[in-house]
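Handing you a structure now.
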Amino acid sequence: MHTDWRNQIIESCREQKLDIAFTSANTDHESSDAAGDVLDPEEKGFWRDHKSAKVNAIRTKTLIEQSDVAIIRFGDKYKQWNAAFDAGYCAALGKPYITLHAEEIIHPLKEVDAAAMAWATTTDQVVEILKYVVSDR
Amino acid sequence: MHTDWRNQIIESCREQKLDIAFTSANTDHESSDAAGDVLDPEEKGFWRDHKSAKVNAIRTKTLIEQSDVAIIRFGDKYKQWNAAFDAGYCAALGKPYITLHAEEIIHPLKEVDAAAMAWATTTDQVVEILKYVVSDR
Amino acid sequence: MHTDWRNQIIESCREQKLDIAFTSANTDHESSDAAGDVLDPEEKGFWRDHKSAKVNAIRTKTLIEQSDVAIIRFGDKYKQWNAAFDAGYCAALGKPYITLHAEEIIHPLKEVDAAAMAWATTTDQVVEILKYVVSDR
Amino acid sequence: MHTDWRNQIIESCREQKLDIAFTSANTDHESSDAAGDVLDPEEKGFWRDHKSAKVNAIRTKTLIEQSDVAIIRFGDKYKQWNAAFDAGYCAALGKPYITLHAEEIIHPLKEVDAAAMAWATTTDQVVEILKYVVSDR
Amino acid sequence: MHTDWRNQIIESCREQKLDIAFTSANTDHESSDAAGDVLDPEEKGFWRDHKSAKVNAIRTKTLIEQSDVAIIRFGDKYKQWNAAFDAGYCAALGKPYITLHAEEIIHPLKEVDAAAMAWATTTDQVVEILKYVVSDR
Amino acid sequence: MHTDWRNQIIESCREQKLDIAFTSANTDHESSDAAGDVLDPEEKGFWRDHKSAKVNAIRTKTLIEQSDVAIIRFGDKYKQWNAAFDAGYCAALGKPYITLHAEEIIHPLKEVDAAAMAWATTTDQVVEILKYVVSDR
Amino acid sequence: MHTDWRNQIIESCREQKLDIAFTSANTDHESSDAAGDVLDPEEKGFWRDHKSAKVNAIRTKTLIEQSDVAIIRFGDKYKQWNAAFDAGYCAALGKPYITLHAEEIIHPLKEVDAAAMAWATTTDQVVEILKYVVSDR
Amino acid sequence: MHTDWRNQIIESCREQKLDIAFTSANTDHESSDAAGDVLDPEEKGFWRDHKSAKVNAIRTKTLIEQSDVAIIRFGDKYKQWNAAFDAGYCAALGKPYITLHAEEIIHPLKEVDAAAMAWATTTDQVVEILKYVVSDR
């Protein structure tokens, strides 16, 4: 269910024939955590995480820089510091982003939302925004 | 206790006569949350937060850009998405930062640590790093 | 008639088979003002405007950054602070722009014109400039 | 009265002993319009304006780039396209700015406000924000 | 003969089937000087030149920024301050450029050559350099 | 054997049908050293090297800036200061790079590895990283 | 007489107690041409010039980047490609500059003037502009 | 002897009362290699080096960015990949640097020298260059 919001947005855009190309970080946690395992194996958790995080960053960094707009989702179960990190990265680059999260976590996300171009609570809202943004009037 | 780590670092640097100027975001939660209240009062929590977050950002943004190194701390109780946001902001600007957090939260912080220049678990370690960095050999 | 100048320029370029792709902000005022309405409804005019303006900015910001030259028109009836804002945005980015306005408003537009690459009074002049710029000599 | 808001802010900050240095564009309209007259005299209004605007820009451009935060005021009588131009310039540079204007002109200023860090309606509010931002907590 | 060097380079690259796209400023002096004439006619030479130079800059600026390497030629008859200006523009952007000029004018061009990636005396040399640079080894 | 690692990576990616375009500096030492010989011949070794290095830089600089990720290999026989130079160039641009070298030279490469996104010891590891990074999950 | 214009401007600013710090490239031609002679002596004029030009550039480059406004003078006797080069360098950096030259050379300087903030014909005019720009109104 | 060249330059500049502030990376190898030891101890050499290199980079990165010119020395005994890395970092930032090395290693340093502003073989030459650059003519 964690990655479901992505599929919902992508599916909905496809159905409405919006000409949008989607990219994302690797959303499969297991393979993402193992991204650096092909390199020398590590015993310490810190360094295993470190290596995988950097390998993933090769992908993420480039995708963020090439995108026109990012969608960053926050749930209330996980810490998702990486999501907030990506938001800060976008903000410093001047790259527009939309946050997607429930009303309950408005307060802890206030800095992240303050630099966002929009805050949505449902994937439908995100799709509507994207549809509006790419429409040719 | 939440802001204690700052004072510990500052005190320790002062005792050791390190020539370092410290700045920080407003660390008083109450006044920080009320930073925008002098402007038109808001009924909705989202907009009250929004206004305060932006007023605080005038301060934070400038301080980050003017600093030589940032120290970003994470605890396990709070979400601290703003801290992760600041880390991403630093990363995109190429501004060095040190993370300060316990070993228990290595995994959710892997992306943030991957872009950091150092990870410390105690304020003493942070002070030692700062002392080393400013020393004149 | 407000958006007529755009169509005149586009039509004229098409007739002359100039290989130019045109993009623009949403020029339909009603839908532009409602761009954020899909998100949570707002009672205060300020926040409704705020949300719509940001959603529109996702589009405008990207289009300005991707364009080779911008055409910015000013009439004497409206304040069009957004047009002047876009001109300043272009100026800071070093993006060339052409202003299109009547002689009567030269004085209040002096700062905007000073940073422009050309000032035109008719759409025909704009087309001639574009034709010249893209011609392959 | 046009420049009164500046003096009010400066006076009030001085009374409260805030350590803030203020700079501004030349606010004397007559001398500002004549800034280029020392160079070759011009018959056409456009070129006289052009030359003065550029001479003024030597000053304004540098001051904007060196400032930590800009305060941009809009009244309802004048077009003040230069103010909106400066706001766009700040936005593209990532320079924080505060707008100061009455509620009546929220709508035409929506794009300018959307990129601002705060909107104030009185100079007292601006002073409070500045006081908060420079306070050392 | 003034534009002959361009054609020699282009022809030679074409014969050798090098996959290089060439662009240039408008090299027809008469139409280049008249580039701004479609706008309001000017009596003063300075402003006529000014307007045409800016219209030409819309083209030149974009082409320089999009190119991978620039070839900048200097003869001994003309002042060609625009060529030296373009070289400085390239240098500040970090855009590589090759100078093409006779040995007699080495001394006055020393600053321009110091920032260049190569100095050639014949168009054949330029073609050889280009051929080498685009070759797929 | 010096350029063998490149071919191994390219071959392996081709076999696995990874959609990756590879570019590199000229890897033929003899022609690389002679890159500037088409220009005026030089007697002094320093200037011959200087000219060739600059001609090669036209190619390298552009390729580095256009790439998404660089692979930089170090052996223990050669000084390869140019490889370390390219790594520093990537680091300053924020361009991700992977180092490829044996365990024996970890210590002298510590600064170069510290700014890298991954360190691999075999070409197979590099291919696995690339495969992971471009995979569409 | 070649450097006289500098002294006239500096003297006049000093007399009027303008708080302006002046810097310049080395204006003594002989020592400027010999700037690299302390390094290995060169037989070829090109390399002697090359070395001196680069040593001078260490100075010039930094001074241009640190200045708030540049004054660039052109005479009709010399080619002064270095002056035009510096103008292009300023233009690409967005650094304001004022040109100082006689009316006779308007045409060959049109590109340089088009990117300038002002064109002056006398040092008195330059001083007036500087005085205006630094005045505290 | 390894760090002697630094002292020679600094001493000589002091004797000649040149107003130059010198900074450098930590030149004491032992303490430099141990820079990260205050953090969690590491068993693997790679990670010990990694941590120390990053702590050192906090210092080096900032010093490079704040300096006006860098002096980068190469000997023939060591690999000094960090020196070449710093040169590449300077080159990408457009920061001028001078190389200091013997004639024997011209060839492997050709790329590093090609992007340098000067190549010196003795510390006296470096001092002469610095003296020239800061002199007030």
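The chains carry the letters A, B, C, D, E, F, G and H, assigned in the order they are written, with residues numbered from 1 in each.
Here is the rule we go by: a residue touches a chain if its C-beta (ideal position, glycine included) is under 8 Å from a C-beta of that chain, and two chains touch if they have at least 3 such contacts.
These numbers were taken from a predicted model, which means no experiment stands behind them.
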Given chain C and chain G, the chains that contact each of them: D, E
Centroid-based (C-alpha) most distant chain relative to chain A: G
Where chain B and chain D are represented by their mean Cα positions, the distance between them in whole Å: 31
Distance between chain centroids, defined by C-alpha means - chain B, chain F (Å): 37
Inter-centroid spacing, chain G versus chain B (mean Cα positions, whole Å): 44
Intercentroid distance (Cα basis), chain H paired with chain A, Å: 40
Shared interface positions of chain A, touching two or more other chains: 40, 46, 54, 57, 94, 119
Sites on chain C touched by chain D in the complex: 45-46, 49-50, 52-54, 56-57, 74, 78-93, 103, 105-115, 119
Residues of chain H touching chain B in the complex: 24, 26-28, 31, 35-36, 38-40, 51, 54-55, 57-59, 61-62
Parts of chain C lying in touch with chain E, wherever the complex brings them together: 68-69, 94, 96, 98, 117-121, 125, 128-129, 132-133, 135, 137
